[in-house]
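These notes open a run of structures that come right after.
In the two assemblies presented below, subunit A is common to both, partnered first by subunit B and then by subunit C.
This part shows the complex of A and B:
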């Protein structure tokens, strides 16, 4: 098997004296989805933030495409950031209310001082199934599902290899959820994207992920193929 | 059929927004019988919560409510709810902290709820409060009753609210997304607590949710709402097995299957998004997203009418043409 795209080893994240993530190790290969599941407060989101180099870990290693991210300064991280991008739960909250959709999608490119080529924003919109006529709208004029597609288009702008999906569909209406998940599946199959997928919905995890890591009190207590996940795996609840 | 416990007829709730009248609930009718669990399902904006608030006599400020809400035949619309709230009808909200006071202990608040409807001694009320907490599975209830809401976990708080709603043994409880904010494991515990309290008191339940799996597990009948109206209703089993409204069929089809298909990673999905209540289509509100829509669907809004099994109703011009299962009707495309 080829080298993993992301290799996290003995990751530790602390908030003051509280250890949120306690020696967590996992790896994700290109084209693969690893789901992180577990009760609220078990350290899933802290793991995601440290993986995205948005939270400095207290220990351990995060290797992405061969780069060790943990010791890097923000200046050194900046050229790598487009390669690993987050998609968050709240589709409206992730977008500036005053930026038109077109500009929201172009923003990450501009931040990289790589202004989008002619037609690039439109291509991204089409890729995520958004009508290009929506480009001049503001986020509040879009539905939740459309906003989440904008979030995905933004993440795709820098041609990422890894998306960290933190509850990407749990705020969406049931009738639009499947469409957004199908989009993520198609992007993975077309581009070999790797996903770190945080989700509460075990049936969804089993359908969408390849492997599942179960977290409890800051540790990964079990990793298994998603299809072997029992839908009652978490019934014992948090301690 | 005996007289229903709750009969809602032609309920309309109209909100004011930006100078416009926003028709949020548009002619909803449903019944709840004694000891029955009726689920109201639909997505945000479908009008579920407004329906609950209108039935409870607590519509939002400025809302216009018309229609009929009868409890055991007695009209409540426009009447005083004194003697109804707490004693005959109780409410469990999504967020427990909207009904629990932070400055009183949980036990004091439930005790006060008992004494607000019945002349009982403080000790008697207290012991009923503790019994109610015990019934929803709060261990060591007498001691826990002395705690404040912030000392409870989210799931315990929600169980405490259920205890408070149930303590006066109401005939009907309306629970609005009672577990949406909770983890799946805690959700299961809270729903079990709700079922246990309901069994013990014989209360009927209107359960508002957007989660069809909760409906399948906990409800006897279901009312599926879309854009302020019921598009389908009936006993849970036939509605899930052979839905007669395309929207219901699409929702069921888009659930990840219980048995994982080893090959197919695509979920059938409903293209598009729900309509805005200020820009409703002229005909069927679901027609713009419906794979079966024809011209008359766009011209004329269908009425709820018997379809499928006994007791099943659907508001769809093409309900007889809906295949079973309807999975193949919906796209498995990547994008919409």
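This part shows the complex of A and C:
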């Protein structure tokens, strides 16, 4: 097997004296989806933040495409960042209320001082299944599902290899959910994207993920292929 | 906990800074007081170099900043406030006698305030007891609350004192002397308190328990009492602020009615450069304000009980009534009236003297009459708008820029806002005047000093809120540079709402400037500033009431504008209270 795209080893995240993530290790290969599940407060989101190098871990290592991220300074991280991107839970909150859709999608390119080429934003919108006529709208004029697609388009703008999906569909209606999940599956097949999929919905995980890691109280207590996941075998505790 | 501790430390630090500024007054005021003191002590002595040096040595002015501060603080701890530079007597007895007078005046004002507040919120209580809750009215209370004390004092003096002749207009001989000053200070304070209660009551009556109590047959009266009790804890800290406001109002009111209290003594000391006396009186005024805040804090704790001291029981969110068409049109109407008067006045010459036409009655040539020097009142009113409203706009812009800059330091902002809450603009104006001398620049600085912190606190709250938003995390994940995030995301989110807040405060800032002008701490004659005009015309009020009533009316319109702006559905004002 080839080298993993992302390899997290003995990751520790602390908030003051509280240890939110306690020696967590996992790896994700290109084109693979690893689901991270567990009750709220178990450290899933802290793991995601540390993986995205948005929160400095207290210990352990995060290797992405052969680069060790934990020791890098923000200036050194900057050119790597477009390669791993987050998609957040709240579709409206993850978009600036003041930027038009077109600008929101072009924002990563502009922030990296690479102004978008003509038609690049439109191509991205089509890729995520958004009508290009929506480009001049503001986020509050869009539906939750459309906003989430904008969030995905923004993440795709920097041509990432890994997306960290933090409960990307749990704020959406069930009918819209399927559409967004199908989009994510199609993108993975087309581009060989790797997903770190944070979720608490077991049924969803079984269909969407390849492997599942179960977290409890800051630790990964079990990792197994998603199809082996049985709803009864998992003592989900007070979720 | 650590946040509370940090806030406490900031507050203590700011308080120490203010006290040090008071202690350093003689050094800060670059002007050499030696000549003033020499003149005051012995008019016949020649101001030779030796004599002046002797005075400086005598006053301890040659000790340098730190030495001066050390001496002052050391003496303060021993209870010694020093000797007056002008009269040479001890400061402490003057401060104590002034404190006594001011305290009794404030007591009487608080009684008036309670009566006014009770009258203001009685309708809401009765409605609530009957079970017909309605969103906040209270336009009347808001109007009362916005009238500045110096304006009300002047109008009361003219109407009840001079025209009707019912009550004495000056002095401090007996309880009769107390009536007009207490009314002038108490009515605006009562308006504020009444309005706060009136705003909170509908929400308290709208809570679930009220309906439950009613359904179980508890009488309306008892529910009304419980609702009042429910609304109180969150309001008590505001009452502390009202008392602080009274210490500021006392300066103007005591001056108008010649009451020998702390405020008038402080103002007199500032004007005669008698810095030790000024230090003593200002310190007493500050202590009074802080003590009121501390008492309010204690009472709140007692009302809440031990379990809920920290937060938990918030003020129920006010029920905002849909603004009526009249209320929406009100600011436009008032602004149009003011603009028309100013525009007309701008056509005239505010400085042209006409010694034959002194104190002339309103005529076609002088629609609002002439003042004591025969100058056209309308022209002065029009040109005065530039001095009052124009300077207010400048102060507002400066405060806004400061607020944006300091919004990124939440601790500094909240600490500064706390201190600004404990400092009435008038007291700051006195201090600044003592340092810089009276003038428009000093007055603007004083008002700016107290008007930026609430804006900064608002900005800080917005910055914190924006920083926590998911789209900012996305920005960081993109690898956006901090400057990019700041200019493209945080500033746009903060600039707009804080600008609206600043505009809402504009009329209030103009009134604060006018009150300093009225006290002689702001614009100087012959400038046609509204507060100054009111003060100058006060002396001739029996012969030419129009000359006093014109600026009074303009200021009242401005106050009305302040109120109608804030109630016309523009309820974006961020509550910076604790």
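Assume the second predicted complex is superposed on the first by the 232 of 239 C-alpha atoms of A that agree within 3 Å, B and C clash if a C-alpha of one lies under 4 Å from a C-alpha of the other, contacts with A are read in each partner's own complex, and residues count from 1 in each chain.
One rule holds in what follows: a residue touches a chain if its C-beta (ideal position, glycine included) is under 8 Å from a C-beta of that chain, and two chains touch if they have at least 3 such contacts.
If you're wondering where the values come from, they're calculated on a predicted model, not measured in any experiment.
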item: Fit or clash between subunit C and subunit B when superposed on subunit A; value: fit
item: Touching partner for A:70 - first (subunit B), second (subunit C), both, neither; value: neither
item: Which superposed partner A:19 touches (first subunit B, second subunit C, both, neither); value: neither
item: Which of subunit B and subunit C A:45 touches, first, second, both or neither; value: neither
item: Subunit A: partner with more touched residues, subunit B or subunit C; value: B
item: Subunit B versus subunit C as contact partner of A:90, first or second or both or neither; value: second
item: Subunit B versus subunit C as contact partner of A:148, first or second or both or neither; value: neither
item: Which of subunit B and subunit C A:178 touches, first, second, both or neither; value: first
item: Overlay on shared chain A, then closest C-alpha pair between subunit B and subunit C (Å); value: 6
item: Where subunit A meets both subunit C and subunit B, residue numbers; value: none
item: Residues of subunit C defined as touching subunit A within the complex; value: 469-471, 473-481, 484, 489, 492-493
item: Residues of subunit A touching subunit C in the complex; value: 52, 54, 77-82, 84-86, 88-90, 93-96, 98, 107-108, 111-112, 151, 154, 158
item: For the subunit A and subunit B complex, residues of the former touching the latter; value: 39-40, 127-129, 143-146, 173-179, 181-183, 185-187, 200-204, 206-208, 226-227, 231, 234-238
item: Subunit B to subunit A touching residues, read off their complex; value: 43-44, 154, 183-186, 188-189, 210-213, 247, 250-251, 254-258, 260, 262, 265-271, 273-274, 289, 332-336
